[in-house]
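Below you'll find the structures, each written out as structure tokens.
The two complexes that follow have subunit A in common; it is paired with subunit B in the first and with subunit C in the second.
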Partner chain A sequence: MATLPAKLLRLGVIVSVLGGLYLVALKKHAERDEIRAAAVELTPGCKAKLESYALEPGADYRSPYVLRTMGAAKGIRGYSADDVRAIQRGCNIVDDTQGQLAKDAARERWNSGRFMRGKYASCDHCHQGVGDKQDAAGNRLVGSNGLAASWVMADMYDRFTGLLLPYELRQMQCYINSSNGFKPNAADDLLRDVTAYSRFLSAALDLKIGKHYAEQGVDEIPASATLRRGDDYVRGAHLYRQKCARCHGPQGFGTEVNGKVIYPALAGPNSFTLDARMNFHRVNTVMPGFICRNMPLGEEGSLDNQSCRDIGYYISTLPRPAGDKQGPLVAAWQRLMMTVMPPLTQYAESLGGANRPALQPALQTED
Partner chain B sequence: MDRAKGEDGKDIAAGPGRWPTRFVPLIKPLGAVILVVGFVLWAHVGSGIARFHSQVKSAPGWDRFRDAYGLDSFGEDSYFVRAAQNGYNLFYFTHRSGWRFTRKTAGDAVNSCAACHTPEDMAYAFVNSDRFDSKLGRRLSFEESVMRCYAEHMDGFVPTLYDPAVRDLRILARSVAHHLQLGEGARRGGS
Partner chain C sequence: MSTVAAALPRILPALRRNALVGLTLAVVTLPQAIAFSTTLAGLPPHFGLYAAIWGVLSTALLNPARVFSGGPNTTMSAAIGVTLLPIAPPFGSDYIGYALTLILIAGVIQLLFYLIRPLGRMLDLVNEPIINGLICGIGLFLIFKSLTSFAGLPINTEVEWPLWIAWQSLQAVLEIGNLYAVQIGLITLVASLAARQFDAVRNWAILIGVAAGTAYSTYLNRVHGLSNTMIEQIGNLSSIGLVFPSLPLFNQEAMSDIILLLPGALTLALLGLFQTVAAMRRMNRKIGGFTDARKGILSDAISNCLLPFLSSLPTCASFNRMWLVYKMGGQSRLTSIASALFLLLMVLFLADFIAVIPMPAMAATIMLLGANMINWEDIKPHLQNRREAVVFTASFLSVLFLDLFGAVMVGSILAIAYSKWEQAHPNISLRGNVLKIRGNIYYGSLPIIEAAYHRAIDRLDELVIDFSECYYIDPEGIRWLATAKAGRKVGLVDRRSGEDRRIPDRREGEERRNAADTTSTERRELEDRRAGMRRRTRDRRQHTEF
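Up next is the complex of A and B:
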């Protein structure tokens, strides 16, 4: 039986450990408060976006976009300095999720790297135009994954998950599937700031709660929207080399220049997982829809529906990480494929490479 | 406990028609298992209670509310409407539907969200949420406001962020905001 001093010592150790943890938690909270109060350095994309929407602290907010498009803008509740900073941080997270443009990535992006594997993923890759893609005339583009339109339709039934999906949970899915990572807490600043930014966008664009807008999500392309020739690997591979490989690389590993990711990975350990909606083998309408509306950059709309489906099919055959639903065996298999297939494919393609379209030399720097 | 032993020293039945004494210790656990299984079978088969039902109990005034705010056509599925209906029950009959999170009873004057708020209040609060709260000195989400109501005004306990007691009130607010065609930051009576 333990003696009294031994008992006291044990009690002291427990109290010290718990007290230490409490102090660490207090320190972390204080750090977060400090970051919330600090001025935000905007990325160039966010600077342009938020300036165009005249975001600044004030009692009222009138959207220049609404004024321009509707002729008059109704005043709505303005934003405090704290709200403005949250919106700015949210915009930065969407534009540059992993902080490649930040001086202190961990601090300025709420340590987002904790929730992602690899350094390629960024919200802006799928939610282009900093989550608000418009053409030169300022028209919002159909099927451009607009964040504001998603916000006003959040909490609706989601046919992929069977849930009434709150906006924060949807963001968590992005971190898990699209970024091959881990989900942040629903109350984490990382999610809340993106929500604040999305909500601001919906104010700037004057979107109404519960109304469906054309820029929400992806304009999906089912097989019925084609001539029903069937989705073809060979056609897809050929089109990929012609239209996609110059940016995403011959094997879909993305492009990195001077340590900065320029184009995202479509395959390999840095890409989205088997569970992602972008994976053609999981949902065969989303990736083709995204390609047709948003790809290739600068030539959007140049591909027909069948070509988009062929490319989507081909991309889905490239090795990528398993999702969290597939289990360790599939994960191990996918990892093996991601290691073995690229050199084998490279070798096989080198044997008959003469007939293949040449890649732009400047963008062949694959990771 | 004395046990009857045979000549070879093994347990024997205590008498004609009696169990061997080595089974006696199993009677209580077996009885408990039979009791639990019997209850489960009764609950599922014999009680008449719908199993794993997703229907929400229809509270007085729901049909009128549903018509008034056009809930039938919103959300494009009954799942959303059921959540809004649960939100309605929570809003008007908090002491019954959200009893886990409130100490209020039918006898208290202020025993539901509706005692202080209207559905329109909820809708306007929703589109003006996630803003800086000067009293608290931080940004406050709609869900946190609901949690604070449970803890303070309802003298109760805080549900988690994911609890239907919070989610369905948000969905109710969202559906009313949709009916009123509110956008982010909308003010009552316009600008």
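Up next is the complex of A and C:
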């Protein structure tokens, strides 16, 4: 048995370590409180979006959108200054998750970079139009992953696992599946602010709780929605070069200009993982559905169902990171593939084929 | 009557000591039982409590080991949560039904391990470094796992790389943890640690910590109100009665899911048995006794077949609680029986006091248990031998990087590989023209022996192969020896060429009668082989024992 001084020393060390951690916790909590109270600098996208919905602190709130579409808007309970800042921060997170437009990314985006594996992914890439995609006439688009429509289905059963998921846990699914990152805690401001923003959008669009709207989620395309020719890698590759490569790059690595991601990566280290539901080989209806309804930008709906499935098939064969739960071995293998395959593919493509459509030069590709 | 009265003064002190150990055990088990069932297994708290009552009682009655404590177990509870999470939402009725089914299947599998003797023997192949590596890994894992409930945060239930989640959880605790919860947890930790430094209250340290944490939590709730402090408490257990019968879920609809449960059930069964066998082994050596591990397997199997009908978690040996019993000087099964009865009384009559115990205090308790499991005295011997160090490190790291089952597998494969490697390298020495082989002659070691043999026979005209100190020769080895002997330059020395010191075995009386004739039998055999004839009907022992 240790002597008394040794015991006291050990106890002292333990207590001072615990005390030190507690002081760190106090400091971090104070920092968070400060950020919560600070004015929010909006991204251009959010400024336009929130101004169009006339978000201001006040006793009651009347939505301009409802006024425009319905002719009259009923006043609902307004938002406090705290609420408004939370909604603004949530909007910023959706528009620019990685904080590339922020002065201090970690501070203004609640350390979101910690939960994302790549540098590219942002909520806005799938939830387009800052989570509220509309056409020129202000119609909400089918299968556009609308956040407002998603919020009104707040607690829903996960279609793939059958679990009842609250809105926060569904956001965690995003972090696991589509943003190739590790998930934040369910009580984190990162999730709470996005929830606040989604909730505000549903109020601004006057969506009814529990109702299903067509813009919610992805309009999935199963094989039965095609002529069942089978999904084809070669057709997919051809279509990809024609329709997608201009923005997403010949290897699907996305486009980044001056440190800002213009077009997201579909392959490589900054892309979604093997475990993502966007990965055709995991769930083969989501990616085609997304492509058909939302891609290519500005020409939405120009691709037929089979083409979307072919493109999805092709994209899922490109190398990408392993999922969180696939373990270190798969991760290492995927890492190797992501390093080795692109140069090989590039070389093979440089050998050329006469009937290959010419690639438009990408703006600037990284990796 | 008078004899009982006369014996009373001798029995009473022992009885009182066992009762005290039992009471401490009950108090220590209580928060564990609730925490394991709610935070790890995703089941209502009464599951852990009934495991700590009926599970402990049935294993204590069935298992003759002197120091043995069954009841709810961390790794088994975690395995239930991990297995069921993809199948049903926690705390729901389906989830509970599936959990009971899972436990029942695991119990039946454990029964198979008792009935099929070689399967049970396989459990003994897990050696001390693996067990200690597992224990240390689980200890660390317990600390990580409690971080979120320590700070009153929701638990991230997805299974991921534990070290990464630990790091994320620590950052979450620092940034968004409920500071009231953190304070309660810290007070519990510090009070327990301080109490532990004094020998007089050492055994009560955990209890003192929980009391301090509960007192502080009650104070906070008085001052700020529960709705502001948002501290999670154990809650009302008064609805828990003597028994709560339950039925596992078996129906046509659930069958596809139940089939999905089978690998999880196997894992659960093995986790329990490994721990029981390993803990009995460790504790037997500590107290210098011996209890057949098969008795432990049987008691676990029967208990786990019964417990799903009593709304209870599965049971297996608990390292930390057995350690506690040993340290406090418990020497009898009475301690476990007493602890089960005390706990039953506490749950039946003290539910109001238990209800206000805050969760962060229990998380702190579990952290302490985890820290206790990492014991330098147990680790040190393994680091002095390179092979043991590798096995220990591998199984320790596997807990943190893979899962428990993976860790057991990695550890066992390494340990078996090492012992196989040892067997495949017999000690071969060449003295004069005698090639002496000590070890095994079998397919694995033959290449090594052949190499030495050919090196020797190239230089020597005549060679004697002395395998009198071999204790195992497989058919391939016999064929090789026969071929070597056929080369005519080679003589063989087996055990019977010298003096046979073995005591004749009664079972093999028939063989013994022919013993004098052995050499001629052998010669005949070699001739037969040369003629291309095989005797397939020979007794195997004659092949392997010379």
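Rule of thumb we're sticking to: the second predicted complex is superposed on the first by the 358 of 367 C-alpha atoms of A that agree within 3 Å, B and C clash if a C-alpha of one lies under 4 Å from a C-alpha of the other, contacts with A are read in each partner's own complex, and residues count from 1 in each chain.
The rule is short, and it goes like this: contacts are C-beta pairs under 8 Å (C-beta built on N, C-alpha and C of every residue); 3 or more make two chains touch, one makes a residue touch a chain.
This structure is a prediction, so every number in the text was calculated from the model and none was measured.
Peer 1: Are subunit B and subunit C a fit on subunit A, or do they clash, once the structures share the same frame?
Peer 2: When both complexes are placed onto subunit A, subunit B and subunit C end up clashing with one another.
Peer 1: Pick one for A:325: touches subunit B only (first), subunit C only (second), both, or neither.
Peer 2: second
Peer 1: In the superposed arrangement, does A:186 touch subunit B (first), subunit C (second), both or neither?
Peer 2: Touch status of A:186: both partners.
Peer 1: Go through the superposed model and pick first if A:348 touches only subunit B, second if only subunit C, both, or neither.
Peer 2: So A:348 meets neither subunit B nor subunit C here.
Peer 1: Kindly classify A:25 by the partners it touches after superposition: subunit B alone (first), subunit C alone (second), both, or neither?
Peer 2: After superposing on A, A:25 lies in contact with subunit C but is clear of subunit B.
Peer 1: Can A:176 be said to touch subunit B (first), subunit C (second), both, or neither?
Peer 2: So A:176 only meets subunit C here.
Peer 1: Between subunit B and subunit C, whom does A:106 touch in the aligned arrangement: first, second, both, or neither?
Peer 2: neither
Peer 1: State whether A:13 touches subunit B only (first), subunit C only (second), both chains, or neither.
Peer 2: neither
Peer 1: Once the two structures are fitted together, what part of subunit A is touched by subunit B and by subunit C alike?
Peer 2: 164, 186-187
Peer 1: Looking at the complex, which residues from subunit A come into contact with subunit B?
Peer 2: Touching subunit B from subunit A are residues 36, 60-61, 74-83, 86, 152, 155-157, 164, 166, 186-187, 192, 195-196, 199-200, 202-203, 206-211.
Peer 1: Enumerate the contact residues on subunit C facing subunit A in the complex.
Peer 2: 86, 88-89, 148, 153-154, 156, 158-161, 164-165, 168-169, 171-177, 179, 182-183, 186, 189-190, 193-194, 197, 401-402
Peer 1: With touch defined as at the start, can you tell me which subunit B residues reach subunit A in the complex?
Peer 2: My answer: residues 74-77, 79-80, 83, 126-128, 130-132, 134, 138-139, 141, 161-162, 167, 170-171, 174-175, 177-178, 181-187, 190-191.
Peer 1: What residues on subunit A touch subunit C, complex-wise?
Peer 2: 7-8, 11, 14-15, 18, 21-22, 24-26, 28-29, 32, 111, 114, 161-164, 172, 176, 182-189, 324-325, 327-328
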